[in-house]
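Going by the order they are written in, the chains are A, B, C and D; count residues from 1 in each one.
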């Protein structure tokens, strides 16, 4: 429509590989030109970005919208969660399809239904919770026909989503054969189960029991295990929600040796510590419950350091919001508190404030860790993750001299609490453009359900580059 | 008998904590006095040890005599294996009782039967291969009534001895409650199984396939996992046959943090490398097959370094000898080659030559790693592992100016091959005294079946010291 | 001139951030357009690159052309060395200006003179060998007026170039205040001196004495020291010629913590091992002498792993070629063998073959480590290091299906030996375009002296981003 | 005298290698017998130790009594400091002789004079602050004729005690040739100097500036450097006052590789953190000033873990007490605050409470880290550090059910403050016997000046064992 001609004038256009002062011209949802001093007709809406940063919209690699979990469903659905995202400068997310009774196809159909109300672009990962010939065949179908290029394995949630090493090995091999990326939730589920029993036996039933029952050592263990098994199969691995020094150091060690491992910290792990879990008010304490747990002070700072130098690569949220009434399911037993925190709306601002304003990363790095690297890993770059001619017009304008404040009253998520309540910082995303349309401006979200598109993610991302050659080289070395 | 009065004169008596020139007087199988210039009567046999080292007899913490395994039985039984041990200066060993159909008691009875022909002192560890109320109860019985203070868990041998993490956690808790030491064979059995299939699919059926199918990363993984789970339970852990840098570094990391982890290298891992497995002669190559595999050059040297500074603590053998006819079961498929190498006779000489003669450890350290530390860990020190008044008279005399040579023709094991074939070195154990009797002298073993004693090993060794206080301190920190 | 209109058709254009099939149009030495299916006039020379890779010309961050050193001068001057570079696909290098009697200005003048015969673009680093007010002032002059943004400190070469920690600290502070990058040659010069004396005393005078006198531990020590002092000053550090696991691991550790450290392996360190130094032929052995020494087998493979994941960032050569007659100065004393190996011509081919053909890195990574990262670090990106509209037309065309072979007969360096003699591999740079002119085609170099340009490198590269904010944040934390 | 016959009855006698219930009989300052149920005559004083631990008196490896330093002299001299030591269960210490104008002999004479008032046994280390032929010769004299077997090198205190790498290398070689142990104070003195200037420039003149000016990274740097240079020379190294994780991890890494490095934490580093330095009261804050500084919370706990497993080996104090009037020299400039804390009296109680009562080490370990290991390292075991027949009668009796409290009012040091003020804990040393005399009983010290003896420490301790063989083996590998 005619409304989709836009010119963003005079800003500093920032890509992960370069930044420069330039104008950006958008037409029909696509970036048409990026050049200084573009001339356009009168029918073009002009947005002045002078003194501001014009950047690719954020991509959140890790969300759970409308997820059925622990006997309830996360409160943000594909409309409310996405609206919140857009208000926070995120223009795409990748959600996890959970199989229905083990069926990938049935799970995908359920998520396609959930996603009909989408108001921004989205992609899917798929969880694998059992393995047999049907799952194996369906993995091929979803990769080749359904646009999914990543499968997640849970090493925790014993009795529910958890897989054992035998299944993980089968899954890693199948991922490799399909060019799909294996992802892991890395905690030792058997030990977590043991830790939970221990806490209950000790009479510790409150939210602090959540942290105490699954300490960093269990995350470190599972991360080390998954990395080594992926190395044994020689296939890339993506570790979701790296929450601890223990896990990060395993990733660093593997990467030093040349192994292809990606580490995703989440914003809660980067900027919070576990003290909230000891709050005497259950409503307050319980909102911090997620898995792996938010860790003691010191872990977040270490994760920031690793992120700044590419030891960790991209920032997600694990956005999985529950209301305080849902969190209250666990008032007598922390094991029943639905696991999850918000973040889809706050991620971009918090990463900017924590990492850029503190001097830890550059603005090009900001784009890299919030958008470009995600697009590269899920193989949709430069359609997403870049402001270059031909890319989708998913763009944000950030004013570094303005500031933000977070609270549950004003946020766009449906949840009635916010784990970042009261937090302020520098940098404000003033405009979000998604698919060429201005969807966030003047502190207002303007979207309609159904306007979001499903983005297919093709297999064989850059992490697979050369895997075949390395295998061939290994095999020939055997003779 | 009157023949048991001995005076060892003029040698340098070496204990782990001190060495000095002194005489040693033995009566009735017990060391009676250790002092310079002892005067004795005419009825005392005097052995001149001038210029030689008088040391506690070796204790091998890790053997498999007469073990039924992989469809056959290891060729050295409790007589031949022990005779070989005595010829090499080892006066006690601890063997692994394997349950019969999961029954600990039945397994123990079988081993008591096997051990009737013993000609030297021995103790037992017990393997745990399943876990239920009966096993749990029997663990208590064998600890409290049968003199066993250590239980071994196999993380490899899928479909046979292997346990999963749930069982391992139960086992660790049970060990802790009994004051028994948990031991692990640390390789990831699921991945080994996968690696074996892969090699066969690649057409690699020879002994080299054994090494290729279970690389160091799988030992590192399982070692890391066992250590972290033991840390989570807060109980001591003993890692048997540490064969790789990968495993050793996990132990070092844990120990640096204060965790109680013991690492046992075995002599084959210290002094051999994997090149033999590529020998074109099957009989030669197959004799090196043991698990975890003997590693590439470099691992052994690193293990020696760690041993020299107490990062690893004591040296075993995993002596489990098979004849070439038994090894030939796997002529078409390395998976069928019985796993095991000799070592019970060679250990003391090889550790001396490799560690002391090279200048890496002192002679007191030699005593520590071959005898004293084993006695301390299995809680029989100073009855064993020391030359002090009151200790059992298990004594060796080593001549540092003499030399040894190893070959299958002259060794005392029943096996027809020797993985150390042709090896020579400095230092010769000229006399072995076991239970106060000279059993090895002038290159001759003099023993009769049935002369060995079962040594009960009590629970709550020194590694348990303070565990209760640390637990109490943790618990009180929770409130 | 009319000769400068070029169209490179149908190739895969590879930038560090993206690759795509496109045409590249060049005019007046500048890349004018990068798009599929460009239409051009008849006056444009068209080069068919179908099936080939069109990539930014290599940039060698570390060379020593016409360097006076150890009583002689490296044989490749700014013409012959650059001609060799172009034949190997490198279109720019950065050489080290050595002060004259401690004077930076005099040193720069001498190098400006040397560089008059240049046939390709070049930049300068500057060595700092003493520190006083004049040096301090001259550092400012060369940064602000002379286009130099990097200063190198030698922790080795005692009695010649070496600086002590006091000077290094002053230098680091001065670099920081100017936005200039500090570089270090990291070996402990005092210990090297000691090691050299020791070898001579032992009667080891041959080239192997070079390696034995300065083992990896001395490189690890100096690397650790320089990194920690740079961290203490909070200024970025660039470690030249990382040759050992020891040094690499120090860099990895610092980067994991968020410190800004760049590690430059050189091609000799990546692909060679030290066995050549033991060659009984002095002429052969001596050609491998460089500092730090080429290391034992294993180090190169580890450096490759680190390079593949960005633990190390870019590949140099330390090209400093000497003839066998010059190497013969040290026939009786390895300390007199001029230190240096060739590489400026071979780098691109060897990195391709070793890293890309083996499956360790992707083609975009190849561009990153051979060109783009160097341009970014020395702050001349995207003028250099990219194939995008507006960049200098420094371009290579590599045929992945062709192959290369290296030998002294056919190379373009003036030296009469080659440390890669006889090496073959896949991938052949068939065309080099420098400044918009085809300078290498049909195995022929076509250049004239004086056609190269000096490229000024501005201060405050991306590594300085946020340093001020981090400092401010630290200071405010003190109160 | 007749008063020197003692029988300590019924206690648990604890040596580093073993503990048992036994009586201890002492005559003429020597332990005569250690056996259960000893019978003695009426002239023997009997001390009932039932339910208590009878242990070797503590040996403090690191003290500075009557030291002239920073323009003043530490307040505890060889009488008051030793009296305090005895009251705390320490029966020997080793003090550092500081050369006079570089002269070792003059320094030694001065210390012999200071030591005339000694009331307990003591030994000497010697500092080396310059190196020339005279120093080299004098090193030989003090080793061979004066009973000193250890030399300390300061890598900090620029302009005063500090040595550079060239001197350190000479010193390490000289130590090796004499069989003397090299010790280092490991901080980078150039960087400390820089850090001090920086703090003053920032207007930070208070005691917190002390910590801020010399952060852990500078201790880690110097520790790494000293270790690697000692490794290069292949001589043992003793790192005094290990205060940080950074330094400890360097020691752990070296030990893992087999290098002979000893790490000495001091009690202040184990049990305090740096928060006191920020106390707004100068008198309070300044008493914590020592070098390297007491570190932030977390370091101490990590050092405890390393100590518990032998990664660090023995505990010292660096006792160097100054009055508040002396500390006040630096009221306007932290650089002038005399560096040093008390500890000689508190060490044994604090190690017991922190390590044994918390369950981190056993009682035998307690003896090892407070006494035996020190005796072994300084080559006076088993004369010191053991309760066996023939050892010096330096004995303490600790009541585990009693408790201690520390404060400046009741302590025996002359200083008017105590860095452990108000600290209480379990375990009380009720009796100290030194040289066979009861010197501490019923909370009373009974000693006279001049009753202490100088203990000569012979060269070639156990750390030198095999160094010659390792060197020979390296040399033969070169050919």
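Some observations on this one:
In this text, a residue touches a chain if its C-beta (ideal position, glycine included) is under 8 Å from a C-beta of that chain, and two chains touch if they have at least 3 such contacts.
Nothing here was measured: the structure is a model prediction, and the numbers come from that model.
Listed by label, the chains that touch chain A and also chain C number zero. Distance from chain A peaks, on a Cα-centroid basis, for D. Chain C and chain D have Cα centroids lying 50 Å from one another. Mean C-alpha positions place chain B and chain C at a centre distance of 53 Å. Chain D has its Cα centroid 38 Å from the Cα centroid of chain B.
For chain C, the set of residues that touch two or more other chains is empty. If you sketch which chains touch which, the chains form one closed loop in which each chain touches exactly two neighbours. You'll find the chains touch as A-B, A-C, B-D, C-D.
Interface of chain C with chain A (complex): residues 15-18, 248-249, 252, 255-260, 302, 304-306, 308-311, 356-365, 381-382, 462, 465-473. Across the complex, chain C is touched by residues 164-166, 169, 173, 188, 190-191, 194-195, 202, 204, 212, 215, 217-218, 220-221, 224-225, 228-229, 231-233, 475, 478 of chain D.
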